[in-house]
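What follows are several structures.
Shared between the two complexes below is chain A, which has chain B as its partner in the first and chain C in the second.
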Partner chain A sequence: MTWNIDTIVISVLLGILFVTIGARVAKNATDGVPGGFQNFVESILEFVQTQVKDSFPGHNPLIAPMALTIFVWVWLMNFMDLIPVDLLPVIGSWLGIHYLKVVPTTDLNAPMAMALTVFLLSLYFNLKVKGPVGYLKMFLFHPFGKFAMPANIVMTAIEELAKPLSLGLRLFGNMFAGELVFLLIALLGGAAALGAGMLIWFPLQVVLDMGWLLFHILVITLQAFIFMVLTIVYLGMAHTADH
Partner chain B sequence: MNITVTLFAQMIAFGLLIWFVNKVMWGPLSGIMEARQKRIADGLAAAEKGKHEEELAKKKALELIKEAKDQAAEVVAQGQKRASEIVDEAKETARAEAERIVTAANAEIEREVNQAKEALRAQVASIAVAGAEKVLKREIDAKAHAALLNELAAEI
Partner chain C sequence: MTKSKPKGPGLLLISVGTVLSSMVVAGFLLGYWVDAWLGTAPIVMLLFGGMGVVGGFLKVYRLLNDPNMQ
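Now for the complex of A and B:
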């Protein structure tokens, strides 16, 4: 049993941050003219609501808050990637923590936990909306019709299992690779720590780091967005009775 | 990078976070946003209604003004008619009064003339009788010749 305390603590802290700020905005919110920060939060809410409306058939009060949670939480966890790679681990080592992984989404457990939760929810809604028989029929008669039942079972099972796997691994892969690039860029300066080489490698590190940082802002937002949209889509597929 | 028991901790954290977000943020905020949407919609509807009512009121005001003008014209016409009637009536009354006064005056004049004539007649008769008395001295009996004298007086 290995507990990745760093992942758990950081992700929970970010979650608490999110909920605290959200609760404060909700508490001070008016239905009149919204102030600056309320406006910002409301625009995020509206954005998520639009996504849910566009790609989710029917109505389920769980979907929208879940999509919002995924979007903001994943974004916050990804955002940890933008903090200089060695900063928090060094501060941690001063405090006696000798191993610190700052970005929870680069730990496979965090993305897979969300993907698995989404998978279990979609399983639940599949059984609830289609019924056990309807769900079984989906495995038997899809995608090739009733004369290719064995192939259908294999195909649908792969399809269903690929959903959570690709969902979790996509986020993990992107964030892990991004973090790795940051580490490599950070090593540029370190590799030539002494001597005249610094004159070349240090400015290069600064420029590359900034470039990757700017690019990575897009990546973390995009990954959070994709995770959210795919969650909505998968749960939406679970809610449609006829496949 | 291995799947560990952390996975389950993260799942629980994820579930709890969804619950919290729904309870303290999504629920209240989306309620507020819905309330605002409703308020805006109500405001727009009210504005639309107000505009419509203003139009109606304008139309009604124009109608009322027209009616009032018509009524005023009618009243003026009636007044003029009544005024001319009154004038005519007054003229008629004045004419009748004048006629009456003239008639009364004529009657008075005639009466007085007659009175004067009567008085003169009586006097003439008495003068004649006195003259005749003086002329004829006692020859004439006033009582015996009264009829004759009266006849004479009437002829005067």
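Now for the complex of A and C:
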């Protein structure tokens, strides 16, 4: 078995960063006029709360904190993409780390692990809310009615399996593609290693990098947001009886 | 459903392609596991893969018709 230590370490560090900042803001929180950063954190909280209220039908105190965690954590992991691509690996190679993947979400293991966790949670809530019999009924009668039971079982199983797959692959695909574009843009200037004449491409690299950077801020936010909303939706589907 | 319909699933429209492809992949994976379990090498995998394709198209079609369906 291979352990992707770079992914684990960086994602845990980002989690610690999130918890530390959150704890500090909570400790310094005031009832009066909030400062700039407290305001910012509160607006994120309110935003997530609105999403949960809009998309989640039942009542479950676990959902909102989990949605917040997913949103901020995934965003932070995606944000590592905006650090210049070779900066941290080069620093790592000085320290003796010869292979370093900076963005945890461009390692398939991280998004898939989160998607699987969501899947297991939704399995748990399905069994808890609908009961084993109700959940089994969904498998037996869901897409085609009760006269095509074997096909129904297979179809529902495929559908359930496709949910975590698409959740994880979507995040991974978008982040990996984004990272790849950054690498390709970096190669424009990197071609100067072949000869100084290639430096003619350097202005193009700056412009393209700037453009993709600005666009990528939207992408990472959108992907974190989609991951959060779909988590809420999938868990919400587990909480509704009439599926 | 008791409350107003949730808005979230509309977001699935952003990446309908992922839904389609993951249905196909899920079908093949499931078939692969069943094959490994029953020892019926490629038959179940192809069957379930085909069902994944059909189910994926169906799901995308329904999704595009009514983004609020789950």
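Operating definition for what follows: the second predicted complex is superposed on the first by the 235 of 243 C-alpha atoms of A that agree within 3 Å, B and C clash if a C-alpha of one lies under 4 Å from a C-alpha of the other, contacts with A are read in each partner's own complex, and residues count from 1 in each chain.
Just so we're on the same page, a residue touches a chain if its C-beta (ideal position, glycine included) is under 8 Å from a C-beta of that chain, and two chains touch if they have at least 3 such contacts.
Quantities reported herein were computed from a predicted structural model and do not represent experimental measurements.
Look at chain A after the overlay: chain B and chain C fit there side by side.
When the shared chain is aligned, no partner comes close enough to touch A:148: not chain B, not chain C. More residues of chain A are in touch with B than with the other of chain B and chain C. Superposing both complexes on chain A places the Cα centres of chain B and chain C at an angle of 110° as seen from the Cα centre of chain A, in steps of 10.
Of the two partner chains placed around the shared chain by superposition, chain B is the only one that A:109 touches, whereas chain C remains out of contact.
In the overlay built on the shared chain, the residue A:22 is in contact with chain B alone; chain C does not reach it. Judged by the touch definition given at the top, the superposed model places A:184 against neither chain B nor chain C.
Judged by the touch definition given at the top, the superposed model places A:226 against chain C, while chain B stays out of reach.
In the superposed pair of complexes, A:2 makes contact with chain B only, with no contact to chain C. In the overlay built on the shared chain, the residue A:31 is in contact with chain B alone; chain C does not reach it. Of the two partner chains, chain C is the only one that A:158 touches; chain B does not reach it.
Superposing the two structures on chain A brings chain B to within 15 Å of chain C, judged by their nearest Cα atoms. In the three-chain superposition model, chain A touches chain B and chain C at no common residue. Residue ranges on chain C touching chain A, taken from their complex, read 1-3, 6-9, 11-12, 14-15, 18-19, 21-23, 25-27, 29-30, 48, 51-52, 55-56, 58-59, 70.
Contacts from chain A toward chain B in the complex involve residues 1-4, 7-8, 11-12, 15, 18-19, 22-23, 25-27, 29-32, 34, 41-42, 45-46, 49, 61-62, 64-66, 68-69, 73, 104, 107-110, 112-114, 116-117, 176.
Residues of chain B touching chain A in their complex: 1-11, 13-18, 20-22, 24-30, 32-33, 35-36, 39. Those residues of chain A that touch chain C in the complex are listed here as 51, 54-57, 143, 151, 154-155, 157-159, 161-163, 165-166, 169-170, 173, 222, 226, 229-230, 232-233, 236-237, 240, 242-243.
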